[in-house]
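Each structure below is given as structure tokens.
Both complexes shown next keep chain A, but they swap its partner, so chain B is in the first and chain C is in the second.
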Partner chain A sequence: MSVLPPDLDAAGFAPFLADLRGAVGPDWVWSADDDLFPYRDSFSPVWNTGEERHASAAVAPADVEQVQAVIRIARRHRVPLHPVSTGKNFGYGGPSPNVHGSAVLDLKRMDRVLALDGKRNFVLVEPGVSYFDLYRAIQDAGLRLMVDCPDPGWGSPVGNSLERGVGYTMPHFRDHFGAHCGMEVVLPDGEVMRTGMGAMPGADTWQEYPYGFGPDPAGLFAQGNFGVVTKMGFRLLPLPEYYRSCMITVPRRRDFVALVEHVNYLSDSGLVGEVEYGSPLSVLMGNADFLALATQVGGPSDAAMDAAAAAANLHSWRVELQFLGPEATTLANWHHARDRILGAIPGAQGFEGDHFPLPATEAQLNNDTQPWTTSIKRRRSLGVPSLGAWKIVRDDGHVGFFPVLPRSGEAVFQVQRVLGDAMKEFPSLPPFFNALTMPLFWHTHTFQMVFAPSIKHDDPAHNAITHAAMKKCVAVAAEHGWGDYRAAPIYQDEVSATYSFNNHILRRFHEQLKDAIDPDGIIAPGRGGVWPRRFRA
Partner chain B sequence: MPQGEIVRADLPGRALFAHNCAPCHGTGRGDDGSPMLPGTAALAAKYGATRPAPLELRDDLADPVLRLFVRRGVGAMPAFRPAELSNADIEAIAAYLRATAQANRAANRRR
Partner chain C sequence: MITRRDLIKHGALGAGLVGLPQMALATAPHGLDAMLLDTRFVADLPEGYADVPVLRFAGDVTSVWVDQLDRRWRQPGHVLGGITGSDALFVLEVLAVQHGRRVVSRTPLGDARGDGITAVSWIIAPHHPSVIV
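So, the complex of A and B:
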């Protein structure tokens, strides 16, 4: 029992644990160091330092009634609970709490798919259901539905959407919180609330109309600490009949601005799924002269980059387009995209890639027949959960900074320059931001870019560099209006502080709400930068 | 080794392994042109020819050893919480791996 909850001594901690065991059974409460090891964030840059935040205990209820009981016990003993669902949340803090000594409320055992409708295309799940589980449930039921899943399939629809995670299919499904419809929440006093049509007894539209009547508090529970979500509905995409992939390249650096505008049009019109931007010039990054050009202070000139592209006989940019729908529609949408962009950007070229009916065969999922070196991750593009993406993990893990950016080519160039220059303070890190760094079009209506330096458990000096670089990224990006979308607990206060309009009124509003319903901070105090009165004092 | 060439022991740990471990440590192809899944590839790089890369061909992962890796993780492999995999689950997976590895070694001897 090396870690204790705040304001509690060992004598006070023991009856708290005893009460938990009485509520959920002795097998589902843990407080020994060995049992709590998996509740550490193994991707943490403050691993084994005084900044690392440890849990004092973990408790895994089996149902909503047990969640209510655990919350009431925690309230009685004034012990903060840190709810987690399933999956790992790596790069964003794992299961580690904001407050050292919190008890982790592990919802993994609540793993039922409660409703799955292949005619009205929705699902209602508990927090312990993973994307693998949901995919299997759909297959087992023989339904033609597509899951929009994040990279690691061990994540959960509830946890991922509450963290505002993303997927890779059609625009209206990639924003996972945006694709949710209806939730059940246990509030800090133990009462159970349902949002939207779930508030109306007898309504059969909980997963179809999200708002019900009056204010809709659902957004408070994403990256928030106003309750524990125990059920959540999601809209599902009917399995499209056909998949088609294509690519367009444009010759000059400045062509990227027009390319982005055309792709915005295609995406916002629902004509194209997730796209992958890239640069054919990336093959030159192994050349020392080109690397120096792409990473030079202040960024390279368009003319210098165009000269390098011309010398290598390469185009400057490319975008891989993915189409989902009936075969004829995907072909017509590709022809429309090709004609629109090639007609507007001199020298642009179009290429046709793999295309096939869905569901894909195993060979098609393996994605090794594309006629170019592709950035498309085929399984995630087709909603097939996988852990294949785990091959990207280097060292002992990484942390992630993903600023929200305007969806324009000019903004991309500016981020390349500004963050590229700022990160020169950390020369041992890879040049995440350079003249070829591409935007991610994961969230439906915005761009993001990735900064994900690694961590090493046995190299605190390396981790300290990563930690300092993360903080600098957050600060420099905010000076330009680029905000982080999701952060580990060790960064949440700093990220929250950058959303400071009108003397931090957004945070102060959240604090007023928190003080009203959870002044002792029983539910995840500090999450999302929202602290209750007890911890602010 | 293709997924189908493994002889799998019919034990309770089989489903647990398939659900919790095989997405990373299975014998199938990796994603997007990778010849192996990430966990299998990592063990192939770590051990070379000295040990089989697929866990289902390893008979040296007794319950305490397996529990150590599952509960503490290693490298990019995360630790798994007791709510995800109980000690009894890990024990069942260890028994399945041992039986499967032995069955495949016997089958290979007959070939």
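So, the complex of A and C:
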């Protein structure tokens, strides 16, 4: 299958490739089907259908100067580029482009850790540096710093943060874009720009003050298409001295509302790291009667759920708490959390789990000594990159819908009901939303709940159901003010359209900017739902 | 669990070697440089089956990647054979591609388990000029 860029025929494509080869070397430009296979979205629900978007070529520059050269070549030939750092954005499109026929700008060769400071606690990296690379660089340098990494950890800090990815340690580090500090960007005309203090020659504070002076455009480059980020700084958490895990359970369904409020207080006060909500009742989901109750239209009553919990002699909810800091303060923080919650919620119980000094041993990272069946993935909780998450991926992969939700128990119950009912249109899919579906507390100040139906490369009918369910989820959620935070290219227009305040003024503002600096759409047209005039027409 | 008889029956590694491209053979005239076994599917190889270092893991590729392949695949050469779950192979294949390598042979060994994971024998060899010796 031969794919060509938009508005370009084979005769025009050949000189584009020749120019790329001249800029980066012949070994770093690809256009053959076999070579482009890795740039497909292997988790795509439109795999092998007419909706799948393929690259026409891929090019891997070695440095910023080559990035500039590639952008100028693309501008001359009017070929859209789709930049990727390491291309591991699985579930959200992987390395596949928004526009069929784009050339993937693969930044994997730019893999240097440019600065790493264990006294001022920051790092400056290129896009091809993975979380594994950064973790190893810190270990090799003997520094006591913690990386807040996603799971799996094979992606890059630059790529993950630009997708507004998340981690699992302390609140302000879990928001990876929020933890960035300074970036270098090659603009659509090939100019190099630095944000924040990086704009001031001689400043030694690029990774310590993100704003500089005047408007800060850094946000335009996250899920955006206004330039190619070639360097990015991040704040790092000093390696805490001690780790402590504990759990609190509450008996009744409605107790969840108060439990969330208390945990919000603990988190916003900086007293606790990532928490894992769960329900002891999940062991009952194999029982047909309980499953029917938990998935019934309109949701079950509190009384019915409480009766089921009482009959099973189980509490309704639990939260696993993780504390990081000096040993004494982790203990004091746990005692404070326990006393606060147990004093406010009748019947609540507290349990103490593993605790140990950091860095953790291999056995402690394996997390098999917790005195209860835990949902905590210890490696990611301690900033140690892992590939173990793949053990939970079913079939050939999955898509992902993660709406941004109010951080309250009432909101969780509402999402359970609304999206649970909406997804009954797709009975072959697992009941992602039911009376036990838990919020994820990954972003610093908000909840998300996950919808991630699988895809199968050899089952287009199954994929079509997944595709339709994703679209319906986006639409129904938006009717209630729950917006997706991140999406694959095939869903970005639909998600963008839900952010429609004042006749889509946010999108129109982005379009004005795009038209001004990249009217031909050289950098990732369509990314984030932002199209330049050329493609809008 | 795959038995030694299964290995012989499927001709697991031998079948894989048939597909090895000449450039990989040129870099590894004696065949493989290492074998990777996913102990969810196979505990060990028959004696003398492959006279190379054998790495073992149980579904989670993390330690193999961190302790062995991450460093090794930054250098030219290194032909790796394996018998693993299809899920682990997906992870390895993505990492391999990023390091200029390809799965040059893959042979499913029987039907998928209940969780959809199939045992696969495979070979990953250098492909990009930057890692071919």
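The rule is short, and it goes like this: the second predicted complex is superposed on the first by the 535 of 537 C-alpha atoms of A that agree within 3 Å, B and C clash if a C-alpha of one lies under 4 Å from a C-alpha of the other, contacts with A are read in each partner's own complex, and residues count from 1 in each chain.
We adopt the following convention: a residue touches a chain if its C-beta (ideal position, glycine included) is under 8 Å from a C-beta of that chain, and two chains touch if they have at least 3 such contacts.
This is a predicted model, so every value here is computed, not measured.
Visitor: Looking at the superposed three-chain arrangement on chain A, would you call chain B and chain C a clash or a fit?
Guide: With chain A aligned, chain B runs into chain C, so clash.
Visitor: Could you tell me if A:W206 is touching chain B, chain C, both of them or neither one (first, second, both, neither)?
Guide: Neither partner.
Visitor: With the two structures laid over each other on chain A, which partner does A:G388 touch: chain B (first), chain C (second), both, or neither?
Guide: Once the two structures are laid over each other on A, A:G388 reaches both partners.
Visitor: Output check: A:P95 vs chain B and chain C. Expected answer is one of first, second, both, neither. What do you get?
Guide: Only chain B; A:P95 stays clear of chain C.
Visitor: Given the touch rule stated above, what does A:D368 touch, chain B (first), chain C (second), both, or neither?
Guide: first
Visitor: Going by the contact rule set out at the top, does A:R378 touch chain B (first), chain C (second), both, or neither?
Guide: Touch status of A:R378: first partner only.
Visitor: Check whether chain B or chain C contacts more residues of chain A in the superposed model.
Guide: B
Visitor: Could you look at A:F132 and tell me whether it touches chain B, chain C, both or neither (first, second, both, neither)?
Guide: both
Visitor: Is A:A58 touching anything from chain B or chain C once the two structures are fitted on A? First, second, both or neither.
Guide: It touches chain B, and chain C stays clear.
Visitor: In the superposed view, which residues of chain A touch chain B and also chain C?
Guide: Common interface on chain A, chain B vs chain C: 27, 38, 42, 86, 88, 108, 132, 154, 379, 385-388, 390-391, 393-395.
Visitor: In the complex, go through chain A and note every residue touching chain B.
Guide: On the chain A side, the touching residues are 27-28, 30, 34-35, 37-40, 42, 58, 60, 86, 88, 90, 94-95, 106, 108-109, 132, 153-154, 366-368, 374, 376-379, 385-391, 393-397.
Visitor: Within the complex, which stretch of chain A touches chain C?
Guide: On the chain A side, the touching residues are 27, 38, 42, 86-88, 108, 132, 136, 152, 154, 379, 385-388, 390-391, 393-395.
Visitor: Where on chain C does chain A make contact in their complex?
Guide: Per the touch definition, chain C meets chain A at residues 59-62, 65-66, 70, 87-88, 90-91, 94-95, 97-98, 115-116, 128-130.
Visitor: Quick check: in the complex, which residue numbers of chain B touch chain A?
Guide: 19, 23-24, 29-34, 37-39, 41, 71-73, 75-76, 78-84, 86
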